[in-house]
Amino acid sequence: MARIVAGSQITDAEYMRDISLGTTIIAVTFDGGVVLGADSRTSSGTYIANRVQDKITPLLDNVYLCRSGSASDTQAIASYVQYYLAQHQAELGGPVRVETAAKLAMQMAYGNKNMLQAGLIIAGHDSSGGSVWAIPLGGTLLKVPYAIGGSGSAYITGWCDKNWRAGFTREQAREFVRAALRHAMARDSSSGGCVRTVVIDSNGADREFIPNTKLPPTYGELAAPA
Amino acid sequence: MLAADTLGAYGSTKRYKSLERIVRVNARTLVGAGGEVSDFQYIVRLLDELTTDDYRTDDGIELGPKEIFSYLTRVMYNRRGKMDPLWNSLVVGGVEADGTPFLGTVGMIGTHYEDSHVATGFGAHLARPLFRERQSDAMSEADAEALLRDALRVCYYRDKQSINKFQIAKVAADAPAAVGEPFALETSWDYKAFAAPTKWAIGAW
Amino acid sequence: MSGIGTGYDLSATTYSPDGKVFQTDYAQKAVDNSRVTSVGAQRSREAVEKLVVSKLLVERSSRRIHNIDRHAGICMAGLLPDGRMVVNRAADEATNYKSFYGEPIPGRVLCERLASYMHLFNLYWSMRPYGAAGLLATYDDDGPALYLVEPSGVAHGYFGTAVGKARQAVKNELEKMKLGQITCREAVVEAAKILHKVHEEDGKPFEIEISWVCDESGRVHQKVPAEVLAEAEAAAKAALEESDMED
């Protein structure tokens, strides 16, 4: 990656590096559905390429995907999975299970593991309730009660282990997601901006956007002026 | 009898703690794995395809542990031949149709052998010396399980990438293959010298 | 129906003056005249009876029912080698579906894919339609199901149906049964009875094959256990003798 400007070569400028979702993403099951959450920062080196990115991508009406890693790789995977799922839905003539979506994403991630930088969390709701599927870097597929991912997740593993409970209500799960993201954004420089959440249950998906200024301040920082 | 802990590590992070690393392939065969989890899941998918094809044939013959082991050695060596190895060490255990027990192990580059006791990873260094001292082909099931638990305990003490959550899987001529529920081992940390290591050696570390 | 000698039956891409594709009709005829009668009934089992081709044939060596996947099986009527091609294709479809989507192929999808496959052979001058039809038994998330796939590519789901020489007689019997309400075990006995009954007249030696996929079999498609088959055949023979006594 290089560019010639006025006869001199500018190599690897901050804003020209690989665009990456140094990120915090999370998904949690609750009684009757799932909550997905993500911060909104996309970086290129230390430069914030996008401060209001949407890292929660719909795969189907009832299944969403949280993306972390390379922005381009995860967008490509998401597009393929959307395409295959649409085809599958047409063949079945009915709703597609979350597990099927997760398995397709895994096939993409595992089959091209040497070329991809992608950490995915897939969550959704189907006839068997809400479920969360983690697909970390190598393309392993794991069904989990909750999953965290991205660079920010390292800062909140302990907090999540302590505060997660089986049998969360919808409101508890949403609050858990919000608080986890806030803690991660407070310490991880690659995570920041706003918080986006998606709640999926039998009634469908419900998106929420929490602007940066509405996030409660954390230790050592100041609240935004009113 | 096979045993493993249920940890899925992510670098040095102990990330996934309820990962089943022993699978039942069919009524007579068990496979346990260490190494890269996604590759192991791929191997499980291969084995599922293999046994489904076997089922489809419907000739009243079921693949035994020897055949499945042989298949796995070829898969592993084939991938290493492509310079794209499956990053696992595998253990295959089971009982042949005539009742003979079988135990074998395959490495990531296809190296393989059969023995009365095998182990992968840290187990190869810590558990096998114990096995060499105490294992015999004639030992009872209870003695074998006690030995296995002792070996697991040693591995838990000395392998940093292990957790105290294990599964034991069994298969015998008169008992079809089954993977047991996860359990924790009793461990000892209450020696006096542990609480105050330098009490009797002032000035030491 | 025959188009023999008219020249309109030489390829699947030639229509007769009244709009028929004789090649397709011939294929269906091959199934209809097959000396095999297959019965299938929802919930979900299938049965097949066949004439023994030769006294020298080893028992149970010529099979009509095949496993496709753990949850699916197919019973082929008509030309054996044609049937085997369809079975292999069904197995490939099941394997491919599983390796792509990571889950067993739903019965309806398998049925549709097989129908499309068989239909292909009605479309080109260089091919002939398969002289075989398949009764497909599956058990998936939507429950047990039975499908019939025919040489023309037609496929339907059924509560119960039959193909082969004695199909009409068998269907008459099936219509008398309350197919939705009997257990799989009862259905096995009924199938054996029907097959013995329709076979009573010609007195030629025959063999019965029965498989099932139901809750009792753990939703796995398999040959019914030997003792269940023996029981069913015994009951069938007893029922026949009883009706003979009444005559």
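Labels for the chains are A, B and C, by order of writing; each one numbers its residues from 1.
Keep this in mind: a residue touches a chain if its C-beta (ideal position, glycine included) is under 8 Å from a C-beta of that chain, and two chains touch if they have at least 3 such contacts.
Computed from a prediction, not measured in an experiment: that's the story for all the values here.
**Q** Just tell me the minimum hop count from subunit A to subunit B, counting one hop per pair of touching chains.
**A** The distance in steps between these two chains is 1.
**Q** Would you identify the chain whose Cα-based centre sits farthest away from the centre of subunit B?
**A** C
**Q** Measure off the straight-line distance from the CA centroid of subunit A to the CA centroid of subunit B, and report it in whole Å.
**A** 34
**Q** Could you put a whole-Å number on the gap between the CA centroids of subunit B and subunit C?
**A** That pair's centroid distance is 45 Å.
**Q** So how far apart, in whole Å, are subunit A and subunit C when each is placed at the average of its C-alpha atoms?
**A** The mean C-alpha positions of subunit A and subunit C differ by 49 Å.
**Q** Which subunit C residues touch at least two other chains?
**A** Touching at least two other chains: 102.
**Q** Hey, which residues of subunit B end up touching subunit A in the complex?
**A** 8, 10, 13, 15-16, 19, 36-39, 41-42, 84
**Q** Which subunit A residues qualify as touching subunit C in the complex?
**A** Listed in rising order, the residues are 88, 91-92, 97, 99-100, 103-104, 106-107.
**Q** For subunit A, which residues are in contact with subunit B within the complex?
**A** 110, 113-114, 136, 138-142, 144, 154, 157
**Q** Which residues of subunit B touch subunit C in their complex?
**A** 45, 48-49, 52-53, 55-56, 58
**Q** Report the residues of subunit C in contact with subunit A in the complex, numbered from low to high.
**A** Residue list for subunit C touching subunit A: 100-103, 106, 109, 112.
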